[in-house]
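Here is the structure we will look at, set down as structure tokens.
The letters A, B, C and D name the chains in turn, as written, and every chain counts its residues from 1.
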Amino acid sequence: MSGAAETVATSSAAATTMTMTMTMIEAIRDALTLAMERDERVIVLGEDVGVLGGVFRATDGLQQRFGDKRVVDTPLAEGAIIGAAIGLAVSGLIPVPELQFLGFGHQAFHQIGQQVARFRFRSQGRHGMPITIRSPFGGGVRTPELHSDAFEALYAHCPGLKVVMPANAYDAKGLLLAAIRDPDPVLFLEPLRGYRLISGEVPTDDYTVALGLSNVVRVGDDVTLIAYSAAVQLCIKAADVLAEHHGVSAHVLDLRSIVPLDVDGLVAAVERTGRAVVVHEAPRTAGFGAELVATIQREAFYSLQAPVERVTAPDTPYPLGGIEDLYVPQVDDVVRGVLATLER
Amino acid sequence: MFAQFMPDRDPVTPVQHLAPDGTLTDGVVASMSDEEALDALRWMMLTRIFDTKAMSLQRQGRFGTFSQVTGQEATIVGSASALDPAIDWVVPQYRELPALLRQGLPLEQFMLYFMGNPAGGQIPEGVNVLPIQISLAAQIPQAVGLAWGLQLQQTGGVVVVYFGDGASSEGDFHEACNLAGVLKAPVVFMLSNNGWAISTPRHKQSRAKNLAARAPGYGFPGVVVDGNDVLGVHSVTSAAVARARAGDGPTLIEAITYRMGPHNTADDPTRYVSEGDLAAWRPLDPIERVQRYLAARGRWDDTIRARIEGELAREVDRALAVARAAPAPNAAQIFEHVYVDPPATLCRQRGARLESLA
Amino acid sequence: MSGAAETVATSSAAATTMTMTMTMIEAIRDALTLAMERDERVIVLGEDVGVLGGVFRATDGLQQRFGDKRVVDTPLAEGAIIGAAIGLAVSGLIPVPELQFLGFGHQAFHQIGQQVARFRFRSQGRHGMPITIRSPFGGGVRTPELHSDAFEALYAHCPGLKVVMPANAYDAKGLLLAAIRDPDPVLFLEPLRGYRLISGEVPTDDYTVALGLSNVVRVGDDVTLIAYSAAVQLCIKAADVLAEHHGVSAHVLDLRSIVPLDVDGLVAAVERTGRAVVVHEAPRTAGFGAELVATIQREAFYSLQAPVERVTAPDTPYPLGGIEDLYVPQVDDVVRGVLATLER
Amino acid sequence: MFAQFMPDRDPVTPVQHLAPDGTLTDGVVASMSDEEALDALRWMMLTRIFDTKAMSLQRQGRFGTFSQVTGQEATIVGSASALDPAIDWVVPQYRELPALLRQGLPLEQFMLYFMGNPAGGQIPEGVNVLPIQISLAAQIPQAVGLAWGLQLQQTGGVVVVYFGDGASSEGDFHEACNLAGVLKAPVVFMLSNNGWAISTPRHKQSRAKNLAARAPGYGFPGVVVDGNDVLGVHSVTSAAVARARAGDGPTLIEAITYRMGPHNTADDPTRYVSEGDLAAWRPLDPIERVQRYLAARGRWDDTIRARIEGELAREVDRALAVARAAPAPNAAQIFEHVYVDPPATLCRQRGARLESLA
């Protein structure tokens, strides 16, 4: 990944030497292990995170290692998991609750958007919320209904929260460590389709990737593709197709987090080409792509040579697996979006 | 002690009509005729055959992630068979196949759904069921509203809503039970306590010795029944349905049963279920229990078994063939049934999408 | 209101004669009364809607008139209110549940966004959801914490739902009657600050205002102001100030509903002036303004003479009453936004 | 009957130590010394004086919407006074002023908050309370998490969480109680059953005769106490706190009391509360009851009353003066305490906002 050098530059461990090939899930597990090892206050809680090690094995082995007081299987109640995390934080601990799937975060929405996100504000600084809520999200692997939704925009609209969305294994580890150590509450969204499919070289040491810095993962001149999480891979593949079959040179930006949003990086990436396509899995209307377009059109208005295009799912519920590939944007859709933008 | 309301120290003894060896409990009159018991047995066996078939298809990549009923058939069939499908409703979680079939849902619909075809979600007119519910416990207040609506319109109908021991920890369970109590809604809360919520054992789900102990907190009765005893389940459900139909309000039934397979096809239970626990439950199999009962009454033998197994296997094959013959799903289905009157923006998205795929 | 003529043209009652001056709350009550009178299947449920007639008196008198079977005080549980409404709809009734404040819709978010909105889709047409969820929202009247939030964008991002947001008494009545009679689920958001402050001439007869048609409430040439709900009044006042003190002629568009969104009306309004300012009370990031800007920049790109400006609350939680006027956009803020846009 | 768990036909008799006429129940040893009872009385009277004052200020537009404690003082003070503010925590709903004060929250903070000044939300370091909670029942799982954290860190602390009969219908109540039961968290669930949730009477809130009957469904005890009896409330809360501190887990206490005023300053209770109900509760006033008790013990008379009322009125005036002297809130406060490390976009918004107002 061409942005690796830049990535390391923004990270806390300048001279990391040992690396290992890790899948995203391994990188996440590694980050959790390090975070728990380095800070006794870190505690993991959620449905099936203990004995089973999580339905995706993100927390596999943690309970054996850190005990069942620090890695806790809770009853099946998302509101209570997040509500309890708030209280744990007040008591001085650093909770890392897991929502088994983001689709079930709705049951805890009142505790996340109104409580976690506002607690510091409501107590005027007394009760900080160093909580990191981890959750897999997104489609592509034919999960049952409600398991595949991409709801990041809903949380991005909750002031007080940060929303971090890594696209690769290196960032998954470094951003998760940064999130857990961040004094503010973070919703850390993991692309479930990438858990095992996406892998890369990851330092075995402890390092963080700063929240709020985007990453240029491909340098190009004709059009800028903007994405986060699994959609970044889609854009990279689309860039390959564009280069190979259409003679188009695409610049690809991985936002890494949508709150904080790296406006400067975004604007620079768009200004470089004058054309932009934003890609996400979520439905179009009021998706986070709208915020990106609105920001771009304001901050890079005079360099835009064509309207910014959005490549997204349509405004319909996530369908059953048999047609999800017709619903969630594919490489072809990104290519088509780019070509349309170049024609305007 | 200082408290008027004390928790139970031990679980209560579940209602049981049929012992594991297939004998009727002393003094109990069978809650089903032999014909009815045979009918129930057929639904149970059909489900078991389907489970095995679907699991093997899933392993070949020809069926999606799904949850077997294996081991819990008496809970589902015993309760569903207390209903009149013409006026009563079943509101499922996701592990209640035979209840849906008995209400009239074609098996091929269920298959199509789990093959990932949206058309599988279609519920034929007149089949009184709600869709399978993946969002745990969300179906429970919906069932209460449905029962309330039936009551307001004086249809005489009753709703049975299914959910697991895990789902009973969700806030929706509480809100729904409390509302139903206030309304005296004609609803039966059927809690399938199968010992597990994925890997979370029942004792980590709640410190209550019995989950049915929650009913008095909503002003209605709670019953604990042996969930592997189809006659016992049928009996308490019939009583609860009668109560509901008479306008006396809801009942919470906790059926004690056991999940004999993985949570679903994506799960590996060897990580958390002990072979010992499975061994203890195997002799309690709900299907064999009815077979023993019926055998003792001269209504079951190897010939009958062979005939019925053959019929049921053919039924599963037939449904599978129908499901396979269904047209492949297409992009237009993404846009169907979202709105009656879709926004213009969505119509444009539909046009663009279909054009781009053409 | 200059759009009144156009409004009537889009409504179902062409030849309405009798009118009365009504506040928004009176218009809403009038619509509920008519809907219940005309269709026995309509049933109202919620916290304190019966004996009390609602904390804002929106349902005052309905229980006396239609009985306690059709106007029902429920226990205090928003999830159950909406969940039950789904079941009531399946049974053949037309539920009109009330959320006492939109801030408490979060407790029912899973039932609204995932259940109400998707039920027709999930049952492939079998179980329609002719539910209208009414709820007051928004600030300006120093309500306690969490009572004043404007969460419309969250619901606009839930495919399957319609989101209707009237700005005046006439529309409140006509849109509510249309919503209740619409076969799709509608979230009907009422600006609580407008309940008694906004009033106008309202036909006493039954009429509907079609969902999805915006309304030009002020014709102008220099800049287009786009808003919905109470912010429309703000824009009208800003237009007055702009005309009087700055010689600026502002065109003001009331969207009336954000789902369906009247893209044609929006584009026409922006093309007329080439400059646009979008106004809402909700925080900026991922607010519905972003969607409006994204739509405008795509559909009216070549007529835009300056970036579209957003005048919104900042990305912070709604504060206590003592500083809410510094938080929620005021007339001055809109004027400033317009002047900045004209300077670019 | 077919059910092992049957609802109560009638409410249980609440624990009562002090009869309305101020006499101790036979055989009961007072749970507070006279000094402690006097101290409790002071908190109760302070609250009553504050309520009257704040209501009149609100009517003049000088105070925001708020909810009086009037009539419920014994429930709040009796329970809070079972705590050690140095290690124990109070998690309030919004109607528990004296509990917050006893934990150490300055009265002027509370006033500032209800005057709409964000600075009023500030909780001084060392004062063990969470912010007032407007989102009903949301505080209950938070309290459980807090108790869990105290337990994990072996602080010996206990959490008392307050909520109303209305809030007890929310899903959060259920999820929190169930989690607390599983964890044996050191938490006391204090349900102030004041008969109303705005206009919704208790009997429409739930069909359960007692809400404390829900506790066994979570595996812990439930107690019903006369909420207008400060000694009784103190006694059961002390027992529950001791249980929690000893590691024996939670208790649900239902205090039966009555809201003697409007729901809040925006409410008109004459639309739904009958004068007869109020008349029945007036002789049960919790403050007069302690005064009668202490008078009989020679610790209360008109001279003492006059002195204490004077002191308390001065305290309220003092706090009011401090609150009024606080700097007027300003736009910068919109951006403070949102993040420790705010996003750059927010910093820009702050800059633009402050500039535009300059």
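Simple rule for what comes next: a residue touches a chain if its C-beta (ideal position, glycine included) is under 8 Å from a C-beta of that chain, and two chains touch if they have at least 3 such contacts.
Remember, predicted model here, so these are calculated numbers, not experimental data.
For the pairs C-D and B-C, the count of C-beta pairs in contact is higher at B-C.
Placing every chain at the mean of its C-alpha atoms, the farthest one from subunit A is found to be D.
Averaged C-alpha coordinates put the centre of subunit C at 36 Å from the centre of subunit D. Separating the CA-averaged centres of subunit A and subunit D is a span of 41 Å. As a whole-number value, the distance joining the C-alpha centres of subunit A and subunit C reads 32 Å.
Residues of subunit A in contact with two or more other chains: 75, 77, 79-80, 103-104, 106-107, 110, 114, 121-122, 145-146, 159-160, 259, 261, 285, 314-317.
Touching two or more other chains at once are residues 118, 121, 135, 169-172, 174-175, 178, 182, 204-206, 338, 343, 345 of subunit B. On subunit C, the positions that touch subunit A within their shared complex are 103-104, 106-107, 109-110, 113-114, 117-118, 121-122, 145-146, 151, 153-154, 156-157, 159-160, 259, 261, 282-283, 285-291, 293-294, 297-299, 301, 306-310, 314-317, 344. Of all residues in subunit A, those touching subunit B in their complex are 47-48, 51-53, 55, 73, 75-80, 103-104, 106-107, 142-147, 284-285, 314-317, 319-324, 326-327, 333, 336. By the touch criterion given at the top, residues 1-8, 12, 15, 169-175, 178, 181-182, 184, 204-224, 235-236, 239, 249, 251-252 of subunit D touch subunit B in their complex.
The touching residues of subunit A, when paired with subunit D in their complex, are 43, 69, 74-75, 77, 79-80, 82-93, 95, 110-111, 114-115, 119-128, 159-160, 162, 182-184, 212, 259-264.
The touching residues of subunit B, when paired with subunit A in their complex, are 64-65, 94, 113, 115-118, 120-121, 132, 134-136, 166-167, 169-172, 197-200, 204-206, 266-267, 271-272, 328-331, 333-335, 338, 343, 345-346, 349-350, 353, 356-357.
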